[in-house]
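After this come two complexes, each holding chain A, first together with chain B and then together with chain C.
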Partner chain A sequence: MKAISDSIKRFDFDDKIQGKAIYTSDYHLECMFYAKTLRSTVPRAKIKNIITPEIPQGYFIVDHRDVPAQNYIPVVFDDQPIFAVDEVNYIGQPILLVVGEKKEIIQKIINSIHIDYEIIEPVLSIEEAEQAKAPYIFKNQPYFVKYEYSKGDLDKCIKKAKKVISDEFRTGYQEQAYLETQSMVAKYDGHTISVYGSMQCPYYIVEALKVALGWEEDRIRVVQMPTGGAFGGKEDYPSIPGVHAALASIKSKHPVQLVFERQEDIQCTTKRHPSLITIESYLDENGTIIARDMYVKLDGGAYAGLSSVVLQRSILSIGGVYDIENLRVRGTVYATNNVVTGAFRGFGGPQAFFAIEMHMENIANQLNLDSVELKRKYFFKQGDLSSTSGEFFDPIVLNVITDKVLKMSDYRNKRTHNDASKFKGVGCSVFFHGCGFTGAGESDLIKPSVRLKKVKEEVELFISSTEIGQGTLTTMRKIVAKVLDIPVAQVAHHYPDTLECPDSGPTVASRTTLIVGRLLQDCALKLKKRWDEESVEIIHHYQYPSHLSWDSKTFQGNAYPDYSWGANVVEVEVDPDTYQVDVKGIWAVFDIGTPIDRKIVQGQIEGGIVQGLGYSLMEVLESRNGKLSQDTFTTYIIPSSLDIPPIMSELVENPSTIGPFGARGLGEMPLVGVAPALASAIQQAIKCKITKIPVIPEDILRGIHK
Partner chain B sequence: MRIDFKLNNQVVSIDVEHSKRLLDVLRDDLNLTSVKEGCAEGECGACSVLFNGMLVNSCLIPAVNISGCEIVTLEGYRGTKRFEAIKQGFEQCGSVQCGFCTPGFVLAAEALLSSNPNPSKDEVIKGIEGNLCRCTGYQMIVDGILAAKEVGKGLW
Partner chain C sequence: MVNSFWPMTLSEALDIRKNHNVMIFNGGSDLMVKYRCWSGISVDLPKDILYIGHLNELKSIDINPSEIIIGAAVSYAQFLKDSRLPIEFKHPIEQIGSVAIRNIGTLVGNICNASPAGDTLPMLYALDAKVVIMSTKGQRIVEISDFITGPGSTQLNHDEIVTRIIIPRKTYDRTFYRKVGTRKANAISKVSVFSVADIKESRIDDIRICIGSCGPTVIRVKKIESSIIDLRLSELTLDIDRFLRMYDEKIVPIDDVRSTKIYRSKVACNLIKTFLTKEVIL
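Entry: the complex of A and B
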């Protein structure tokens, strides 16, 4: 490894290419039992009675009565029970487990259990929640949280404005569709419970087990197994199957494996939030945007989960990359009897950037201006104040990024030329992703730590950050090896085991390289000074940068420790007979500071873009009467190799002052900007406004024939 | 029911229940865990195996149908020179991320290259359409197979 950005062979490559990596469903322990979950089939009801058949010897029912301490999953509001007690609030909510040796017998028992429900009128959409037709689900209110913040003086600007431009946008659900479904194995040895599984955040499961069991942490061990994709879907959700498998193992006194079927996984695990977003821009007599009023509404489903944090990211992103002096930003996440929504790559950002970028496009159209040039006028630059009035300390190179993506894609020529020809279009989006936890969350909530151990010439690094395909097992070693100036093979790093690894925080929020990587860099610097010692162990803790500040009540200050920036161009051709969209190419330029491994970075970029393409164009997922209509890979369509256009990406290297070797966060951002660039391209092709994603042929038909 | 078949170059004779899928027999009875269950309906290709040299989804094949046939899984394939070429191509091009779909893609590459040793990029894209990957966006897998074709010239 000459430079930190030079690619090396991934440390997880050999096991994976040979099919030797043992994923959770491949993990078989002696005398292992299986578990299956009985779930609610109705969106909202009281459970009147549960009629169970006679259970054969060696088989067990596990339900809320088997939770020794507290029956809730700890996530922000702690409102979701581990097992339903006397009510259910969404289709797929777990009621009980059947546990035993043979899967066929378990299924027979499940089939013969009858639940007697008393149906309660459900709340099935944002609108129904607002109208409060049915009884409230969460406390005495139709929503989990609502937030508001502002900058400057909106009311004054409203009076002064000569023109108002308004838009309303809708975005749909999205399923993470990791190829490996949720899976856990738990083993109770009479004293300690060990949970092995597919996950992003081992310490979330430790916390959930502490709540459920009421045990001290020294009796709880969580180990990440090789994980077949996650994308946010294995952030908070695995706490449920993790605790379930543990309770099943404690009761049955056997190791227990709990693996979801695909349809079950799609029906009951967390999804991306559907949104309804309105934006009003106020313009003066010169056509300058002087103020904006923006409102983000999300469908949070039946339990709060991470919805409040997702909403925060959404309202902190909705201003886009634009320096507008007067703003009012509001957000509400509603409680409904739909599936619980939660973390998914981008975490509220993709909805917001779709809305703000399309809105800018519409302003440009109304003013008869080129949309990229309009956007440029308002681009943030170093020293500007963000929408929450936090100073941008690092250089912001949005003009460089935009120029580059326009040149690569021949945007200008295509945009002008396309205007003349029918059903062809090209669109451009510009966006950021705030990296790390919101505000001072890294120091106030997460308090991450890392550990390095040196014995003779060998170094081992211990973090709870997980390898979920994004390269953690390789990039973290590279950072440590580079600081210590030793061959990377001399640094060991294994899948996290909470017995050995300090809590370096969850593997979310594009924070692993930025925050954990930097902690390892600083820890390795300390170790370097003590290199002469035969054996050394150093634990290093996070400190919030002193030049940043955040007020979580008023939403004022530096909303994120760092930002990554990007621009996309998408070119399309729309078939005038079938209304199908043929994506001809996607171009992307990102400022992620210094890339830690170019090949891994390319993989994140291309994978994220394709997931964004699915979100924008293909992945229709609708809730009808609380049930998801597309719940298999036959009906929920994710991109295949045939759906992929050529993807061209480049980096602008603008080193961060926060991250290791100048790196910024990357994982989520490539998904964020695809939808608006694609929708703008379709808008140009069919000369009709696109106000929702995914854009499906029916929308185009309606648009063309309007 | 007792069935005999050739598995990874060895003759195997086992009792199978009528209800079992080939996928269950391979994973549960024979502990061949490179064969993954992704969707159980033939959409994702994670359970791909070679059935008389053809790429099939083992979740769709009743186990009793393999009597007298030849099945190859990654466990049987990974000792071959052809595998080494695919491995090298995939390593060069960053074709592996979470790895769950990888065994299926390796066998899809083998099935493609054995029927067409010199595929164009479009033919590779067509050749892997039955295998889903949610991490890479496919381009780096396509590049990996094109690189494998060069590395393993003459092997197919």
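Entry: the complex of A and C
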């Protein structure tokens, strides 16, 4: 490794490519039992009675009565039970487990359990939640949280304004579609419970086990297994199967494997939040945007989960990359009897950027201006105040990014020499992603630590950050090796095991390289000073940068510790017979500071763009009476390799002052900007307004023939 | 638990079919999905199984001067690889499933499954294919349009096996195929159109238009076809809208998870129009 950005062979490469990696469902312990979950089949009801058949010897039912301490999953609010007690609030909610040696018998027992429900009128959409009356799903209100913040003076501008431009946008559910479904194996040895599984955040499961069992942390061990994709779907959700498998193992006194089936996984795990977003822009007599009023409404499903944090990111992103002096931003996440929504790559950002970028496009159309030039007028630059009045301390190079993406894609030429008879179009989006936890969350909530151990010439690094395909097992070693100036092979790093690894925080929010990587860099610097010692161990803790500040009550200050920036261009051709969209190419330019490994970065970019393409073009997922209609890979349509267009990406290197070697966060951002660029391209091709994603051929037909 | 039968010959298979209540398992690409269950336990089949996909007698493609005869166990991949077959007949096949599915799936399995979205069907209807059915008592041959009686249902009896498909050998001046799926591979059709035409001295000598996924079975309207046949191309040009309206009346699709009826009928008509204006009339 010469420079930190030079690619090296990934440390998880051989195992995964050669099929040697042991995933959780491959992990067979001696005398292992299986568990299967019995789930609610109705969106909202009181459970009147559960009629179980006679259970054969060696088989067990595990339900809320088997939770020794507290029956809830700790996330932000403690509203979600581990097992339903006397009511259910969504289809797929776990009621009990059947556990035993033979799957056939478990299935038979499950099939013969009968549940008597007393149906309660369910709340099934944002609109229904807005009208909902008691009894409420959550506390005494129809929503989980409601936020509002502002900048400048909106009311004054409304009076002054000469023109108002308003839009309403809708976005749908999205399923993470990780290759490996939710999977856990738990083993109780009479004293300690060990949970092995597919996950992003081992310490979330530790926390959930502490709540459920009431045990001290020294009796709890959580180990990440090689994980087949996560995308946010394994952030908070695995606490449920993790605790379930543990309870089953403790009761049956056997190791227990709990692996979800695909249909079960799609039906009952967390999804991306559907949204309904309105934006009003106020313009003066010169056509300058002087103020904006924006409202983000999300469907949170039946339990709060991470919805409040997702809503925060949504309302902190909705202003886009634009410096508008007067703003009011509101957001509400409603409680419904739909599937629980949660974390998904982008985390509230994709909805917001779709809305704000399409809105800018529409303003440009109304003013007869080029949309990219209109956007450029308002681009944030170094020293500006963000929508929450936090200063941008680092250089912002949006003009460089945009120029580059326009040039690469020949945007200007394609945009202006557009043959209207051909149904062709090209669109551009500009966006950011706030890296790390909201505000001062890194220091107030997470308090991450890392550990380095040196024995003779060998170094081992210990963090709880997981390898979920994004390269953690490679990039973290590179950072440590580079600081210590030793070969990367001399640094060991294994899948996290909470017995050994301090809590470096969850593997979310594009924070691992930025925050954990920087901690390791600083920790390695300390180690370097003591390199002469035979064996050393150093634990290093996070400190919030002193130039940043955040008030979580008023939403004022630096909303994120750092930002990554990007722009996309998408070119499309719409088939005049079938209204299918053929994506000709996607161009992407990002400022992620210094890339820690170019090949891994390229992988994240292309994967994120493909996931964004699915989100905006084909991944239709709808709830009908509380049940998701597309719950198999036959009906839930993700892009196949033939659907992936050529993707051309480049980086603009503008080193961060926060991250290790100048790196910023990357994991989520490539997904965020695809939808608006694609929808703008389609809008140009078919000459009618796109207000909803995914944009499917059926909608294009409807639009054209309106 | 169910029993599985692995016959060594077709006649053994026919005996088993006669004496046991069995389900025929060819490539299995429909059956394994239909009866899938919790992974790790064996497939939840409702009946005993008769495997036929391995029988050599059913694995050949025979071509004589008047017919193309395709054995029941011929996979899509084998069909695509056969250089004697016309390329036009391969277009629908090369868009089915993905490489893996084309390696195990069979044309006869697709017919017997009788899904309204079966992608071999519009072509086989257009080509007037016949289905050869055998039992221990002998063999009968029926038109594909008679063989399939509705979504998922055929006129196959309990003791019978489909052994081959016969496609009358004929060349066509124009062929057209469009599959409209939810994505570019591994997609179930929302609409598909397969059509052929023959033109002799600026007159339409033969035309067949078949529409898939827009009704309980493939739509082929012989009445409209016969009113187009014998027209001069110039006459067809003038009358195109009338014919399209006639098709529009006959195409009555449904709304489902994959698409809407409005979309299906509009797209089917667009594709027929494109076939007529861009392929037939030129």
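Assume the second predicted complex is superposed on the first by the 700 of 706 C-alpha atoms of A that agree within 3 Å, B and C clash if a C-alpha of one lies under 4 Å from a C-alpha of the other, contacts with A are read in each partner's own complex, and residues count from 1 in each chain.
Everything below uses one rule, namely that contacts are C-beta pairs under 8 Å (C-beta built on N, C-alpha and C of every residue); 3 or more make two chains touch, one makes a residue touch a chain.
This one's a predicted model, so the numbers in the text were calculated from it and none came from an experiment.
Legend: residue contacts after superposition of the two complexes on their common chain; A:P697 is shown touching chain C, with no touch to chain B.
Of the two partner chains placed around the shared chain by superposition, neither chain B nor chain C is touched by A:V536. In the superposed model, A:Y579 makes contact with chain C only, not with chain B.
Once the two complexes are overlaid on the shared chain, A:Q602 sits against chain B while remaining clear of chain C.
When both complexes are overlaid on chain A, the residue A:A364 reaches neither chain B nor chain C.
In the superposed model, A:I50 makes contact with neither chain B nor chain C. Legend: residue contacts after superposition of the two complexes on their common chain; A:Q630 is shown touching chain C, with no touch to chain B.
Judged by the touch definition given at the top, the superposed model places A:R10 against chain B, while chain C stays out of reach.
By the touch criterion defined above, A:E180 reaches chain B but does not reach chain C. Of the two partners, chain B and chain C, it is B that touches more residues of chain A.
Once the two complexes are overlaid on chain A, the chain A residues touched by chain B in the first and by chain C in the second are 261, 634, 639-642. Within the complex, the chain C residues that touch chain A are 33, 37-41, 98, 178, 180, 182-188, 191, 257-260, 262-263, 266-267, 270-271, 273-274. Taken together, the chain A residues at the contact with chain B in this complex read 7, 9-10, 12-13, 15-23, 25-26, 28, 176-181, 226-231, 261-262, 468-471, 599-600, 602-603, 606-611, 632-634, 638-642, 644, 646-647. Touching chain A in their complex are the following residues of chain B: 27, 31, 33-41, 43-44, 46, 73-75, 78, 86-87, 90-91, 94, 96-103, 106, 125-126, 128-142. The part of chain A that touches chain C in the complex is made up of residues 34, 36, 103-104, 107, 259, 261, 576-580, 618, 629-630, 634-635, 637, 639-643, 697-698, 701-702.
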